[in-house]
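What follows is a set of structures to go through.
Presented sequentially are two complexes of chain A, the first with chain B as partner and the second with chain C.
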Partner chain A sequence: MSNDDPTEAAASDAESASAEGKVRGIPRRRLFALGGAAGALGIAGVGGGAAGYAVRGAQEKKQSAVHLRYPFRAEKQQGILTPAQDNMYTVAFDVTTSDRQALIGLLEDWTVAAEQMSAGDLVGGAPDANAELPPKDSGEVWGYPASGLTITFGFGATLFVDEAGKDRFGLTNKMPQVLKDGVPKFANEAIHASESNGDLLVQACANDPQVAVHAIRNLTRIAFGTAKLKWGQIGYGRTSSTSTEQETPRNLFGFKDGTNNIKSEDADGELDKHLWVQSGDDPASDGWLAGGTYFMARKIHMYLEIWDRVSLAEQEDIIGRDKRYGAPQSVAEPATDQEFTPIDFSAKNAEGTPAIDARSHISIVAPEHHKGAKMLRRGYNFTDGNDSLGRLDAGLFFIAYVRDPRTNFYPILKTMAQKDLLTEYLQHQASALFAIPPGIGTGDTMIGQKLFT
Partner chain B sequence: MSNDDPTEAAASDAESASAEGKVRGIPRRRLFALGGAAGALGIAGVGGGAAGYAVRGAQEKKQSAVHLRYPFRAEKQQGILTPAQDNMYTVAFDVTTSDRQALIGLLEDWTVAAEQMSAGDLVGGAPDANAELPPKDSGEVWGYPASGLTITFGFGATLFVDEAGKDRFGLTNKMPQVLKDGVPKFANEAIHASESNGDLLVQACANDPQVAVHAIRNLTRIAFGTAKLKWGQIGYGRTSSTSTEQETPRNLFGFKDGTNNIKSEDADGELDKHLWVQSGDDPASDGWLAGGTYFMARKIHMYLEIWDRVSLAEQEDIIGRDKRYGAPQSVAEPATDQEFTPIDFSAKNAEGTPAIDARSHISIVAPEHHKGAKMLRRGYNFTDGNDSLGRLDAGLFFIAYVRDPRTNFYPILKTMAQKDLLTEYLQHQASALFAIPPGIGTGDTMIGQKLFT
Partner chain C sequence: MKHHSALIALPTVTLLALSLAACTDNPQNKKDDAASGGDTVTVKITDDTCEVSPATLPSGKVSFSVTNKGTKPNEFEILAENKLQIESEKENIGPGTTTTVTTALDEGTYYTACKPNMVGDFVGLAEFAVTKGEDISVDSDTQAAEDKAITNYTGYVKDQVGQLVDATKDFTDAYTSGDTEKAKALYPLARQHYERIEPTAESFGIKEAGDLDGALDGRVQDLSADAGKKPNDPEVLADWTGWHRIEADLFTDESEGYKFESEADRKKVADKLNEDTKTLYDLVYGKVDGASGAFELQLSDVATGASALLEEVALSKIGGEEETFSHTDLYDFHANVEGAEVAYGNVEKLVEAQDPDLAEKITTNLDGVKTVLKKYQTGKDDDGNILYEDYSKVAAVQKDAGEAPQDTDYTEAQQELSDAVNALSEPLSQVSGTILR
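Entry: the complex of A and B
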């Protein structure tokens, strides 16, 4: 169904290997050698001769992790169902021109550059040493593999209308009702406007942080004079799995996060129901957004110092899961294979009280308690240094992709803000909502082409 | 010589595998399977069945990259000659107690925790589910491999004397002259005191950013009431190789950086000459610092937007190397195997002018032009978001380890600040100097034990 299917990434690499006798610059002979090194690293008693293998092996494997390459043109945009990469740099731009043609030109230039970078190429190809103009690509990943780079684009409410409600680029009649409605206010939030929303969204994800930074830097450079960076967030340690092949990672509270997430392997019907905008959902945007989705981000500061003073038993009661294995508290004896055991909210413990507190995080956000509503979570941990009191400025850059935030996100966050035991340890500091058009077709010249035609 | 030798890391893993039949939690059977997957990923025409391998293979290799584990107790501290890991989180603490015993207690507690974390264990071991006290470890890397974590400790000038020159902990008579002298002022710098120096240094490096953040977070937590974070810097994309086994990475100007670096494979004599403090270097600190080194960091903001407007030929003239391969400009035909060709500063080009500009970066910093002085560079790229004008706040967190900064760093930086063509594109914004004691012996209870006895 989706072109995020890893089969295609593998096929893409295989084709490349077939055509060039190598995979992204590494001679095939060397790649064969890696298999041996991988084995050697794990085998006991390989002796002193393994020293070189240990370093080289580790380097090579890291390199292989970065060899994933996803096709830029596909039915859906990459970076949504794509197996969540290790690193993220997500930014919003504000458009500084009032010229519709200049905006279209930017989106066309971004499309060309994004396709080149996704393929592991330089923007504009190898530079001419004799050119008087500067190189089109800044060069800091010259010769680096594609590293599973995905670049995902979105459109914000302010691209359609300015603060005074004026139509900026003749797009108002196609503005989605979801963007018109905007995100409601929630309890206990302290949203900084300067770090929220924006006209254009770019989410870059990759298995090498330098590759993600390079992508944002070069798109920023292309936008000079047309759009400028409003805010950006760098994330590490993906906090959700988007594929059943991935292990569930931990958030900064030390718990496995995203266990109960939508996965790319879910049936198409489930994805259509919860993730992809369907034809007929919204007459105004039907022509360009059907098949797309909505991006909803929340920058959530986590009070780590306070959380770290809570006992293990209380931490587990707040989350509703065992910390070691991620098993729901309805499981009597948590073990490594019980993370995905279905949650039984009616289970009682020995004292006859509910095994899972009704105000625990997993109970508050459970689809069972929200008319079955699910979301595709794709967030990352962040650490932005420390404040003047020496406390870490850290937390979760929460990202969800949903068919409609009015049914699949706001009601859940509202309940969470009011009742979730976890809320005491969190503060939402930024918020971002963008419409994500479907993927770029073979003949398209720009992302979101149907919005402008 | 050095216990940073990767042989020991490999041996350590091998022993672990031998003892437990697995490497850091992965059954040996699965590790053997990895070798096959590694091969499969690189082979053309593996067909649709390879899809699982592609994702799983990439995951496994990433995991293997994180399986490196370095012994915490060694002749030298880790994180200096250790092959530079992918991620860094370096912080400084200010001690808030005036009690010498409390300071010693902190260093003892840090030593225990650092040894546990370096081994891939939780601080304090697995937590007791019934304990009323909170878990000793925050848990966000529970079950994660050691990821090549190294934690390197240092002591700053202000640990010895306060601003009024008063002896804080009875250490003044052991204060190194290098710390007394401090770092001189240089041209064109704009140093922020709040992001510079500090009482205690902790440099955490790992092949998983979450592992580095976890280390700093837990050491910060242990320090509560005794010391607090002053500043911190997160880095990615190591900008130097410290082993000949590593490929030279690129900095944010797009050039290969650190080609002409000290490497762990260099002869012991070279390392003793340039890197390690020798007995007799400084009578005051001889008893505790001989065999150690000095840590010198400079947070260097790079004016990326300006650099990006410079033509390729001019960029290469400024650096003195070809951008694609990193070959010195004295090489007539740059190619992939000429990065390490010795630089010939007397070479002329066809017009009879010097092939390498005397004000180029490689000429300015060349050991040949500084009485042979070398340093071990170990810096990282950083990107801390963007400013209100939409420009990236990015650059290089330069780190060098040297035997004596007065001979091996200040003269080079002085020349660079005054004459280097590159300086126009840089601004030094923070500076940090720390004395790095040698490694922790088998019977030691704390880092820098000889300073306190």
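Entry: the complex of A and C
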């Protein structure tokens, strides 16, 4: 990977990234210049008609996306408000040691490796002079740009207490109530325990799938003997936009999803209200979790074969938006720029019935129907092959970051599981809840340092 | 063993002498590699500087006392003359802390540098000159320890092969005389002598007969895959010799198509097994030459012996492919681990001298594997051999060369065994690089 000056990235704003990077021997200055020139061409629209422009634009976007580099040390962890990358590999580990020092050692080693990989460096930095040693880095992204890699860490309930309620690492008195309570049961779910929760969470997101997989692979290797992989999920096609500059993507039902999401550009007050844990939220965990957040994931299998046989009109009624532009059904004649038109739940159609069904997906999950509660959605599509009947094993790996799932997530999911028209086409198969500590401070030597001191 | 530039293994030298002495006199001090003797260099780090003083020293053991006076975690590296490869390093030195990096440097040009946050370009990259001083070519203690490791391990390999010849004879006698129960009981025990040294035996083919390991220990799954035919296809069976051919005959019933038709067939395969085992014996005892000359072990064979044995376990023992008819995999597993313990034991002192943390990690994780294995021991036979549970009773296994278990079938016992093997394999993979030079 490239050997960039970290101070450039560190000096830049937490949410902006350095587009500079050295790729396979091309000096980064030159690449940057190329990117700049290409960008200008794109804007000028030089080069053969609208179609050519679109293709070129997409390629350029892709080109520049792999040169993104996010600073690892910041007030908040990356991978939350960071503009959602194209690929995700999220895993949970179970800690196999009972030695607190060994756990701390793992978190320190992970922190160093994560910082190096996020910068586009090799794990362990330069290669060792001793050719008899196995290389520290597995090497499959050697010379690749950082590709906007972010690695986000979290702590699960079972890190604090085991199944018998025993304190594992002397952390119980710092355990947040949210983790103690756990996730309630919901209607129509079929949760597999072996694919749910875990002691430690690692979410790796990047604009090159190989970079995301490399990150998890190398962190897994570092963990041998201390922690082992419990479950993992590879996701593609981000299903949310976390920045106003990103287009709303489509889910596997073909609809624009997560239009009404929290965005990084939202006012700090909004983010503090819905996303970040505030000092005083929970006395037990205040010391280490204030400024952090909670990670809530649901692996949702989608019955694609069934959905694909549903008429367009019914699909749109189930979602509550038109399929082409993503405009809410309260817009009588949807057009290209009406995706973000505010939803009017009181609008009536020509027959005088409500334009948006009260059981439609957007109505069920609308913040105005949940005391204004919002969440930051950051999910990905997944396709894990197929079953023996030839049906795709596919769906949505739903991820939400919230200040408190008890107010910002569970009530919404409860209503959805009971009433949402969409629920007929879905099944929740796994669930994960983790506390996400704030970012890594300038002098910190490990993630979650305050939890362990 | 490949001979690399002296640069690589220099740290062995003085440290080894120290720790060998410590081991004899005062075992509890064996990990004391602190700066007793040798020169000390002071390194002062800030976020944008990396001061090393003095910048010139005579060759020999050097301790760098590194203090981070900056605000960021930092890294101190000693680089080779090409400024690319790391000779020695210390990562994640927290602000306000002091640590010691000890290494031995030969005469030559090096570079020292820091790296705030362990990423990006070097800070304060500076030349560090090592002039001719103390001769740090291998001292007699190190050489003696290495020679001893090779001698001892060679002795072990010979001993196991010697026992294998006798045990194989006893096993085939029971088998050809029709004492099936005795043959079944002796089968896993006799094989243990081979499993303890398998990677070493494997690496020494003989000119005339080709692949000795294939003849002794070939698996029908591989033969059938090569031939593109079913495992019990007569054509596949015709080419199959060795332990597992007899295993299939002993542990399956008529319906599966592995039984021999006559006692003469049994005698033929038994004789061939004894013959091939004798060839292995002759090879190891220097009576015949192998494909690559006379049998002679190098330090690298000892150093890689342990990790190669663990690879055997991870690859074919966990899923029960090795003993697909008899399900005596836990006997092989036990023997592989014993063999690894002996191989590592012969170089343990060399590892300790170089990297005491690594040595401790290996010891801990070796105990971990043995503890897990113990759970499945069912007792001892009259000769004191440890007996094991049928692996198919505790694990999802490949039965009778059929379909391999699905990933989701793996039992908790298998997961626990696999975790323990992984935990041991990672540090064992560091052994060669740590002691070879």
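In the analysis below, the second predicted complex is superposed on the first by the 389 of 453 C-alpha atoms of A that agree within 3 Å, B and C clash if a C-alpha of one lies under 4 Å from a C-alpha of the other, contacts with A are read in each partner's own complex, and residues count from 1 in each chain.
Keep in mind that, in the parts below, a residue touches a chain if its C-beta (ideal position, glycine included) is under 8 Å from a C-beta of that chain, and two chains touch if they have at least 3 such contacts.
What you see is a predicted model, and the numbers here were worked out from it, not measured in a lab.
**Student:** For A:Leu171, decide between first (touching chain B), second (touching chain C), both and neither.
**Tutor:** After superposing on A, A:Leu171 lies clear of both chain B and chain C.
**Student:** When the two structures are overlaid on chain A, which partner does A:Arg250 contact: first (chain B), second (chain C), both, or neither?
**Tutor:** The first partner, chain B, only.
**Student:** Is A:Ala129 contacted by the first partner chain B, the second partner chain C, both or neither?
**Tutor:** Both partners, chain B and chain C.
**Student:** Based on the superposed arrangement, let me know which partner A:Arg221 touches: chain B (first), chain C (second), both, or neither?
**Tutor:** In the superposition, A:Arg221 touches chain B and chain C alike.
**Student:** Is A:Ala347 touching the first partner chain B, the second partner chain C, both, or neither of them?
**Tutor:** neither
**Student:** Looking at the overlay, what does A:Ile191 touch: chain B (first), chain C (second), both, or neither?
**Tutor:** It touches nothing on chain B or chain C.
**Student:** Which of the two partners, first being chain B and second being chain C, lies in contact with A:Gly443: first, second, both, or neither?
**Tutor:** second
**Student:** In the superposed view, which residues of chain A touch chain B and also chain C?
**Tutor:** 5-7, 10, 126-134, 221, 224, 228
**Student:** Which chain B residues qualify as touching chain A in the complex?
**Tutor:** 5-7, 9-11, 13-15, 17-18, 23, 26, 28, 31-32, 34-39, 41-46, 48, 50-65, 67-68, 83, 86-87, 89, 91, 93, 126-135, 137-144, 148, 194, 207-210, 213, 217, 220-221, 224, 228-234, 236-237, 243, 245-247, 249-255, 304-305, 307-313, 315-316, 323-324, 381, 383-386, 388-392, 394
**Student:** Show which residues of chain C lie in contact with chain A when the two form their complex.
**Tutor:** Touch residues, chain C against chain A: 2, 4, 7-8, 71-73, 75, 77, 79-80, 84-87, 89, 91-92, 94-95, 115-121, 361, 365, 419, 422-427, 429-430, 432-434, 436.
**Student:** Which residues of chain A touch chain C in the complex?
**Tutor:** Residues of chain A touching chain C: 3-7, 10, 72-73, 96, 108, 111-112, 115-116, 118-119, 121, 124-134, 221, 224-225, 228, 442-445.
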